[in-house]
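Below: a set of structures, written as structure tokens.
The same chain A turns up in both complexes below, where it pairs with chain B and then with chain C.
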Partner chain A sequence: MPANMRLSPLAFWALAAAAAAVLFARAVITGWPSAGGVEGRLQEIVLTHGTLPRAATAMLAGATLGLSGLLLQRVLRNPLAEPSTLGVSAGAQLAMAAATIHAPALMAFSVGLVAFAGGLFTVALVLALTWKRGLEPVSVVLAGMMTALTANAASAALILANGEYLFSLFIWGGGSLTQQSWGPALSLAVALAVGLAASALLLRPLALLSLGDAAARSLGGAVSLSRFLVIGVAVWMATTVAAQVGIIGFVGLAAPALAALSGARSLKQRLVLAPVIGAILLWLTDGLVQFFAGPGGERVPTGAATALLGGPLLIWLLPRLKLFEWPSLAGGAAQARRAARPLVLLALLAALACIVFAVAIVAGRGPDGWTLASGQLLADLADLRIPRLVAAAGAGAMLGVAGVVIQRITGNPLAGPEILGVGMGAGAGLAAVLLASATAGLGWQMGGSALGALAVLLLILALGARGGLGPERLLFAGIAANALCSAVLTAIIALGNQQSYMLLQWLSGSTGRVGASEALAGLVGLCLLAPPLFLAARWLDLFPLGPAAARSLGLAVGRARFLLVACAALLTALAALFVGPLSFIGLIAPHLARLLGLGRAWQQLLGGLLIGAALMALSDWLARMAAFPYQLPIGLFAALLGGPYLIYLLAKGAERHG
Partner chain B sequence: MTGTTGQSIENGSGGPAPVSASGSDVQGVPLYRLRGLTFRAGGRAIVHPIDLDVPPRQVLALVGPNGSGKSTLLKMMARQLRPSGGAVELLGRPVTTMSDREFARQVAYMPQFTPPAEGMTVRELVGLGRFPWHGALGRFGPDDAAKVEAALVQTDLTEMAGRMVDSLSGGERQRAWLAMMVAQDARCLLLDEPTSALDIAHQVEMLKLVRKLAGGSGVGVVIVIHDINMAARFSDRIVALRRGEVAARGAPADILDAAVLKRIYGLEMGILPTAGLPVSYVP
Partner chain C sequence: MLLARRSLLAATALAVFAPRRARAAGKRVAVIDWGHLETCLALGVVPVAATELRQYREIAVEPAPPPDVADIGLRGSPNIELLRMIAPDAILISDFYEYQRPLLERIAPTVNLPVYQPGKPPYALAERSTRAIGGMFGLKAEAEAFVAAAGAEIEAIGQRLGQVARHPIFIVSLGDSRHFRAFGADSMFGDVIARLGLENAWTDRTSYSAAAPVGLEALARVPEASVAVIGPTPPEVRRTLAENALWSALPAVEQGRAQELAPINHFGALPSALRFARELERAFGGEGRAG
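Entry: the complex of A and B
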């Protein structure tokens, strides 16, 4: 593109602001009190207590998030840091959901405080976990995302367990900006003012921090203290937004990045521009949401809409963004010894999986406590338990194998079907199918999930390939895809109809509705898709050498990658249909296989398959037993089993490498 | 690839005249014949039309300042980059007519940055070099195993064969990758700055090994290398690039010359005569 056709960044933002202003003016003019009497009085109230504070809230929330994101990115030297990638918003949501159910008095006392406690707790957890890795950006974001996903799963379970009572919380989770008063706007204004004042005071220490700890300390900065102060302020701003209007993703991530791309070089310039851009972004989005709202009220919460707009924006940004150079993650992963007798080890794993299966079929809780079923009882129960077990174990096996493939292709031990948004992509595909027809059959559902997963995976690989599939870019693309797809899901769930409930159930991963036909479909899928991967084991041996070396060894890299990716996406989609998108099994099973010393591709594939199947069967059994007679979502259980383990793995890897 | 071979030769002869002191020193059939090889990116020529022959049994060093196009040239020879114009012939056949594995049996390429190859033993890494011969499903036979052992012996890695690649030092790791290329049993090795991360002792060790391979099994070697003195010590011929064009080519003794070095690097450099080859230095 010739240079003279480019819009100057400032002109672009002025135009965006003008567009938002026009939309706002239109809303004001439509709502202007025209009639006389009571009706006119009512219109006046709607205008002064609805339309006007809403615009103010949008701008203030956007500015607060932009500032919060900028501070977090600065202080952690991490271009991916923002309230939602660090788990702040998810933590706030979980705290509020839990408080609503178990301690309503706390919520009555101060919603903001509950949210702040939740957000602060998650961020402290994430930072403590990655402290030993020197708060290295990708690990921080990874730990943050895992914490966030786990917290989301827990929130979804709470909502499901308490039914209609909390459904409004989910709509809140989508970030609705509808206002009845000036209260939220005032709270936000206070938060923003405090944040701006604090940033002005901490300007110099902040500038020092961006040089890195060692340099900052050698220049005499009090590194830890200023860092904690800044984080505290940023979290408080983000949780205030979460408490007042709900989770609004992306603004915190996009506003600072866009400010930098718009030519704000110094910290002072960015401190001004990031909040301004954040305000414009959210104001414009909210204006568009209102513009497209039907007569029955808006269909999409604004928070979900920001993600819809922000996802593509982020994907566009990705190649243009300079990511900090950090020591390669690859060196940080835990080194594995090699198994002396891999075949014996694999046989042991298979035996272990069989034991888990047997326990899951035979053992259970009844009205009279624990029982071991036998005879006629076993025959009766088997009809109920076996399809579930087959579906769960099959899904675990599929995720395990898919995880091995994805980790090997990307040469990135932290990649996995969940983190890269493949599972969420499957959800978006499923949502599209359900939206078209609420009674779509299993085949259609599978097809939709598979297409969604494939589209996401191809998009991510295409994006990541530009940066040589480095872990940072890949994760960044994964975050964008995850947020984009979950925005679609949130928007549809917020409709509050029958499909919403189905999707919510899917999101938390429930095997409850699995019958014999589903189990059979899963088994057939596994038998069709997994064996070809074993035939391609030599390809998978070559991929970790990097594309250049693999090509020079005579591998047709592009074609092989496409075939393997397609296979992995299909497996993930099929598995997600049964156990939901956030189980982490696809991340953990390959890791465990590697740690046990299964290094060759075929060994790791087989090990990942067995471990995935056993773990998922175990999760399913625990999910049935833990809160008997109620059944918890299996996906949640797997995430609760797996998330902490993976976080432990991250911390352990750091110790070895100091 | 565009352009037929015939046109390319015309293009090539119209390109920059090679500055050669010893003229053509190619004996027999060349491994590689490059004619008018060009690479453009974003409308800018990174590599101007270049003609080059790579003989067997020789080490050819590609030198030049940063951004002179030497890595790009090597990548085009390795089929890692598609040339914008010109032709590459390998043993008299255009490389575009070869399948991936067919090409990999003839040419082994080491990228500038080698990943840590986690969770793999040295012997397994070297064993991957046999992929072009047995493919995805073929049997890893006794012949393959013998080639792997031979490669380990040649690179003096036998004692480390059971160790994990990511536990090796930088120099040992480079040697393991070289061993993989040896096991590939190719006619030509293309090495992109194999010594850039090594200290001087390991640089010499690596380059001696490369030298030995070229002498012993008769493979041709093309090596991109920064240090002009090292290049002179361990190569038979030097091709110097500057801004994507050949600035000089010839025997090491001819390149180690103040006027030639000035032309390559744009820098006044001095030459110290020694008992063997002269040594260049920055005054």
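Entry: the complex of A and C
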């Protein structure tokens, strides 16, 4: 807790625990069996099989997540590592969604095993992706974010395509602690006990691991083996929580950090304090959720509530974390091969984009299979296809240039526009509008998204201003904004109503509703926001040299950053309205442009714009055609096109900085 | 005797109108809302295109669309290109899909017939939209007859059920083994319950509106209530429910008054209302003997 608080940390946690206990006592007293006969017997069962195990589950789940987060943070030497930032939760959800639909027998056999398999797979993927970069914290978090976004888009597509049957997944995504038996509490107790025992056994290797690979290896000890062992245990604990009660964010992130801030210095102290703080956090949150429940049930599931409370906490917490390693962000961008004739290359890219557009307008499937439209049909179809295409390509172009700006400013080739969080902000705004009225028109929906994005943008600028919008601040603010907005979205999607479906559609990216006026709006936005970036190309050329060098060459670093970030954020927000928050294209397009040898900023901007437009247009066409007449989410195809390239890029281990 | 009367009523309600092409009345219609799809089919109007037919056949089940109705994809994002190629004369939507109007209007005149409006019992709205659909296709008399037959059958079922079902009833769908969705008076099922003269044990609004899914312990608040579970129930829920102490202790479960109904469209029109009433009678018609 902050130094100016006259309360000692331990007293603070004791007070929080007392508050949770009071709320719990209130729940017990109001639920105490008072009636006779059948009613009294039911009240008794609700108390002994509902209220009591619920409190136990809350504490055990909180403690398990706290320990899991601590282990992951320790072993990866990354204070942002936790089950949700590593994609564990998203992977578990995808596995459960897929199993519910394609292998219900597997779900009936063991939900926990399915969740564990999914979570382990995503963690393995994230670690494999960043292995060659030495599991460097920022890369791990970014890779985790991308993996989670992709898994979420895939889950959304599955839920959308199968409708009603996945009500359970909505509930699960919200993280509800409602109990009617001691089963989940017992499973969690086992997971926690195993986790604690493993931590005790691995205490020495764990302490070594935090020294860094080189130091640890020189001290002996099978570093890799114990590393994997610890990761395995941590993932198993997290997925056990996920399987028993659903997704509960933030506790895994906040508990270890709060333990450190509360004065736990040694590993031993933290191993005790992190689970205790996690237990108190979740117990208190769940108590509040029950306290504010209406007659029709709780207003938000506990998992979503933790995220709502945790968002502000995270914003407060992150700047206070001094433990962060930022090796990759300081370094200058590696010089890529320069193309001999960039203009010819750009003309070729433009031609390629035109070919994609032409195919997308003319070729398609109909009731009688593949057709090349012509005549009146072509005229009519073009009327429908062109706005979509313009919106998709425009969004791709916007993400492409925004990606160039973000990658150049942060000097991190893994950063993409989504680290700004404005895309999710647009989603939260849309959610607010839909919650106010399920039948809101498109104009209202767009207005809400724009306001949401703007609010997040202001938040980022405000949060980042103190640090001159440096890369670290940007990432902090983006993570906090992303997490907060995801929480709002999760809470509403967990309702499983009409609005949920519309949000899922947006989340997975859908250009299906775009008409001429929206396409025009997108185009105007692109024409207004992209040209200033070309005018600022010199700034972008200087940024990769590092702030000191840039400053000595006459660049007002702070102001330039502010303008560029604002511009990129507006572009990202506008694109998110059409294609959802998944912006793989914004990560890939700048890369491809540079790989082709478009090294100067203006070249990379134009190349990123063209490549982004072509890739997104292609994604949209594939999304329309793959499961015709059912339209799949464009975001999914963007991920499918971009994902393999990203994996190749990371596995190659090229462009490692620092 | 009883059965004979039932099937007669059913025949009046559904089978009297021999399927006819909507073309006969000069209109080829595409339907976005499942409730309208049911109504059209019940009136004998076969639309040229409708949404999510795969899912419809599993969840709404009847009246079944003939195989030559084109599937135009998800209700939330129907395939506009395919609609253009099919080129219907009119498109039917409800309030849920009003936001799609700008796109749909480019294909054909789009008609919004509301069935669900916030806080309103939907049965009367469904009757109105049935008459409106009848009017659109020159089937006014048939629509009138269908509305009357549906009302009569529900009343008859109500009378028969009223003699045996003396408990208030929860209408729920089970999400997982810990949570349910409740149907209140503002839902079609809640409205039908009221028309059957039964008491809905869930006095709040339908939990489709802004609230999290409800924990099963809420069922204990009305201990004597029966429970009707609308299908489909996921298989793992059916398995774990048996191990749920609270569920097993509910008097409804102990006395066999917790029954699973076949899948029914949650946002249906009159045909779904009828299907629900019949399912309810099938499940609870013998309750007098049980308790």
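Note that in this section the second predicted complex is superposed on the first by the 561 of 658 C-alpha atoms of A that agree within 3 Å, B and C clash if a C-alpha of one lies under 4 Å from a C-alpha of the other, contacts with A are read in each partner's own complex, and residues count from 1 in each chain.
The rule is simple: contacts are C-beta pairs under 8 Å (C-beta built on N, C-alpha and C of every residue); 3 or more make two chains touch, one makes a residue touch a chain.
All values reported here derive from a predicted model rather than from experimental measurement.
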Which of chain B and chain C A:383 touches, first, second, both or neither: second
Which superposed partner A:366 touches (first chain B, second chain C, both, neither): second
First (chain B), second (chain C), both or neither touched by A:545: first
Which superposed partner A:268 touches (first chain B, second chain C, both, neither): neither
Partner chain(s) touched by A:41 [first = chain B, second = chain C, both, neither]: second
Chain touching more of chain A, residue-wise (chain B, chain C): C
Doubly contacted chain A residues - partners chain C and chain B: none
List of chain C residues in touch with chain A within their complex: 52, 55, 59, 70-74, 76-77, 79-82, 84-86, 95-96, 98-100, 102-103, 106, 118, 173, 175-179, 181-182, 204-205, 207-218, 220, 223-224, 232, 234-237, 239, 243-247, 249-251, 266
Residue ranges of chain A in contact with chain B within the complex: 328, 330-331, 333, 335-336, 338, 411, 413, 535-536, 538-539, 541-542, 544-546, 548-549, 551-556, 594, 599-600
List of chain B residues in touch with chain A within their complex: 78-80, 99-105, 107-111, 113-121, 124-125, 128-129, 131-132, 135-137, 164, 166-167, 177, 184
Footprint of chain C on chain A - complex, ascending: 38-39, 41-43, 45-46, 49-50, 100, 104, 107-108, 111, 160-165, 167-168, 170-172, 174, 176, 178-181, 183, 294-301, 364, 366-367, 377, 380-381, 383-385, 435, 438-442, 445, 494-498, 501-502, 505, 510, 512-513, 515, 624, 628-631
